[in-house]
């Protein structure tokens, strides 16, 4: 689905990502772990065309998409769900969701997708008319995820969906991600602090100081003491 | 040197550009004439221009220092030059300085120290006297006023204030009721509120004194939507050339005045007629207020220099101008003791009416007398 | 009835102010760009109309609209892409944009002055004559201006509230990054709103030139009025600007009528200050 | 750039300026231009202090200047206060107005502050010309034409003799610049920066937003008003015509050229701008056109002005560098 | 240690329009303790901080060391010895790391600028080696430590932390917890902490306050509180209980 070769990213002079190679197979949940500020969000943003200067190759369904604009990528089926929500504060929940289906490909499916997210997040259905800015942190997170789902994307890049969520919602959000994955979406997710995260992921990458320092599936992770201690809190 | 430098401080940028152009047309015409005739004392006149922009005090002062102090010009020909600020700035030097301020403030500054300001010459009479002249002509019009109510609208600058106050005084003395006297800022282009009041008053005379074409044209157009039976007197505001050029015959009936006037369409003397024709040939339109005065200023100075025989004897040149005056196309120009070209004689104030899309002199003043056989025509909006 | 006259005068002014202010608030609301050259864009509209009409081609104002609207659109778009957009990369770019547009205003105004001369230019009327209802007289020109600006405004609001494009514009206004994430071409929207606001104020220039003429330095007045109204209504709130425009139009008419025109400016700023003292974000403004 | 280096640069700049009369002393025009450069450098520096450092979009700088000029003239004309004292009183008046304007601005943001302060500018001319203005002695639309010159220790500084006046202005400009540098380098400067970067956190750390915002308004309007009064006594005349758009734009250009928030930049900007303006004089009506084009090009090519350019060429760090500068 | 009450909040109420963000909330913090606040998203936790530090007006009373502080502006409250950090890291982008910490000492410290103490605090949050770097170059954890460092430089009596752990992994959480313990024990500073990680709260705090929609649900020993069925139902979730 997604293949990244020798990706480098910069903020001005600051070299954030160095020669990243990774692969996200179709229909899997790939989890990206790593310490604070080591470039996880930057990697997701680079994939989605939100970082200005990137070098290297990003292949999506075999096509090189490096340097394409975000709006183009969205219409090709890649959607980013941001760490800090990025909602439209003075619009209602419904309008936010509608905007999620902005891309031409998604517009015809507006209705069915709305029904889909409302079943996934009944809370949002209750709050259709509420302004996004008045939603609590957790509800806002759900809205952000739901909005991302509205785009009919094949590949979802989800950045720390559980950040700042209350404990019961944190697990809930992850359960929903699994459910979406079951509906056939490919998911690349940055996460921390979800106990047993390894059990839910098909594949795990660890990003440290802008480089991939670990890559492997469930078994490999669980057999690494280092991983367990630092990233899984076991 | 075979050149004589002549200073020309005028607005070349900003809101006063157009008046600056008017003066420049007259000044350039005079300089070209003199040069074509072999120069002044066989020396070529070279204009040195200075952009006075918006007449900020320091700009006026800098102009004087630049032209007189640095460029050492032998005379300075300005138009509007700073309403008194200019007297101080140029009074420090000796080169003759011709201005067209038309402001009592400038005369007051002169009076402080006539000896020091001996090089200052005003090309027009003050606003006070011009306003008095406007009043006299308004009263002399062969027209029966239906009532004795007048509305005066004037700009919030020194000129507008001076004219407005004088008119008010004159009207009151004659037993008229000044039903509305309104000071308005420049940039006023929506006259609805004032016109509403005017329509209620239905005055016999409306006088508007705001020397900017946009303001007076918009006033007229909005007035004409539902005109009252009033004589519309524009005073000096008639002078922006845009007023008649923009409105053409639409403006027929408006009256106004020009100080130091070159009466048109028929000039008073053959020489003057020749001058008017020449101006029209060069610039493609009738002479504007200011062009004639500025032209005459240059010629007056040149005549004095010729008589003195040395352009660098500034004090003598000044003395000559002040005492001998100058014989121009319309007749004698004589400055009074305050170095003001007082209206009257061969240099009267011209009073116009717009007829058939052009300004036609119907009166000269003082003394108040009809001009040749041009007649006042009752405006079409008066029933 | 004098009062009716005054009210009509206020309404007509209000409608024009609305057109002016909405363009300014749109750009500020969507991209936080404060456009100091806004008044010069107004003059540009007037001069465009003047130039087109001076060819005496057939169609009159219809031709003007057909030619000027795309020209203004293109001009606005190019200005945004070429000189405003590159500044976004810098810190405190808002100040820099202000300075840049100030320079642009200076450049444009003086270009007009050099090309067309300092004198006012006049345009033919759009419609002749006036409508008389009892003691009240309104010129058809004023009615045309009112109808055109109000219907323009409603059309604009309709687009903003009922189309995908409108929704996208609002989205960018509220959160440019968020908009980008859902696939809205943010930079194009920035440029497009700038272009649309250019068209609006340019149209204002075309509509009003007949009434108030065209001259090189007239834009400052328009800028300040539009600015006052925008702040009064709440920067970035289209509805607020609409209300504010009519309130200010009325205020101007009534103060001018009752106290004299010199007080209008004091009254406008007085009301603005009082409003901001109570509601720092203006009538309908939202922070951010 | 640390304080010492800033002071060093200022010393070099002003030291060089102090030598200029040796070359140009003979020309009143050039001396006048130099005096105006010094005066505008103070105004532009104050503007930079409030806008570049404190991040408050105050557009009332010209208004404070004119208020100071009128106040000082009126004190000396009406009450007979010696000009040297009335300029300080004028500063105080301008500062008082500044604080009054600042009060509503405290709750406002960005473009609103710009508008409210610009409103002072817009209203000032009608006010000075109105009957209220005339009542306090502004001379109405005509302005004031007889402002007495400054006398100090029995010497009268006439504008007809620019060299002594030049040195007087230089002294004033140096004092004002020192005050501004000290403010920028002191904890005041830090407070402005913190309030600009994150007001919430700054307040939580004990920075009083109210106090520093009022202080910066008061200080900049005091200095501006004082130099305004000084200007009035220098030129000897005042009119409302300074409130046109021309002067405002010119000041803005000084900041653009010097660089916003790049302190000695404003001073350099004043010298550059006035010089360029005079050099463009021969092109007459093309002058503002060229100025406008220059602003466009400069903002696009050198967003941090000349000083920003010098900084990035020589890779100087320091507070100013980060007050402006490229975003991450 | 004497159980002196350092901060007493009584009947705090804050409305935003129709929304009652904090509803008649009372609690007290004893000197030297670590006091935890938790509750669902949007419960009003950050708002409570904003009230205590004078960000906006509200109803109710706040006593600090026996003195009423409600109604005082934020900088006065800071001078009295209340310091706080923000949920979304806030730093001064124009300053260097060292200067940033200086700000706390220069403006917030009643005794005036204290250079030695400032560098001590810089050391305390392990940023000495970053002293001359622009603050914006720090990573999230660095920014959080910097916020804490600057707050400590004001020599506060109480430090209020707003979700310091959010976005950190287990190792980082451990580091931050050590830092907080050190602040509490070595510097003797009372701490209030908002957190969503129960593990952190149970390990650190002595008293835990749970609020929902601005109202208190329960308050007391963290272990007892987390076992409260109401808390589990509205906040922790069954999954937590199972764990």
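Going in written order, the chains are labelled A, B, C, D and E, and every chain counts its residues from 1.
To be clear about the criterion, a contact is a pair of C-beta atoms (placed from the backbone, for glycine too) under 8 Å apart; a residue touches a chain by one contact, two chains touch by 3 or more.
Because the structure is predicted, anything quoted here is derived from the model rather than measured.
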>> According to the touch definition, list the chains common to the neighbour sets of chain C and chain E.
In response: A, D
> If you walk from chain to touching chain, how few steps can bring you from chain A to chain B?
Replying inline: 2
>> Out of every possible chain pairing, which has the most C-beta contacts?
In response: C-D
> Farthest from chain D in C-alpha centre terms, which chain would that be?
Replying inline: A
> For chain E, which other chain has the most distant CA centre?
Replying inline: B
> Just curious, how far off is chain E from chain A if you go by their C-alpha centres, in Å?
Replying inline: 30
> What is the distance in Å between the mean C-alpha positions of chain B and chain C?
Replying inline: 37
> Can you give the whole-Å distance between the Cα centres of chain D and chain E?
Replying inline: 43
> Approximately how many whole Å separate the CA-defined centres of chain A and chain D?
Replying inline: 52
>> Among all residues of chain C, which ones touch two or more of the remaining chains?
In response: 110, 113, 217, 262, 265
>> Can you list every residue of chain E that touches 2 or more other chains, as numbers and ranges?
In response: none
>> Show the residues in chain A shared as contacts by 2 or more other chains, in ascending order.
In response: 14
> So in the complex, which bits of chain D are touching chain E?
Replying inline: 187, 190-191, 193-194, 196-198, 200-210, 319, 322-323, 328
>> Under the stated contact criterion, what part of chain D meets chain B in this complex?
In response: 27-30, 32-33, 36, 126, 129-130, 140-143, 145-146, 159-160, 231, 234-239, 241-242, 244, 246-247, 281, 284-285, 287-288
>> Please output the residues of chain C touching chain B within their complex, sorted ascending.
In response: 2, 5-6, 8-9, 13, 110, 113, 117-120, 122, 130, 137, 139, 211-213, 215, 217-218, 221, 252-257, 260-262, 265
>> Please output the residues of chain A touching chain C within their complex, sorted ascending.
In response: 48, 50, 69-71, 73-75, 79-82, 85-91, 95, 98-100, 102-103, 107, 147, 151
> Any idea which chain E residues touch chain D in the complex?
Replying inline: 53, 55, 73-76, 78-79, 83-84, 86, 90-95, 99, 102-104, 106-109, 134, 136, 147, 150-151, 154
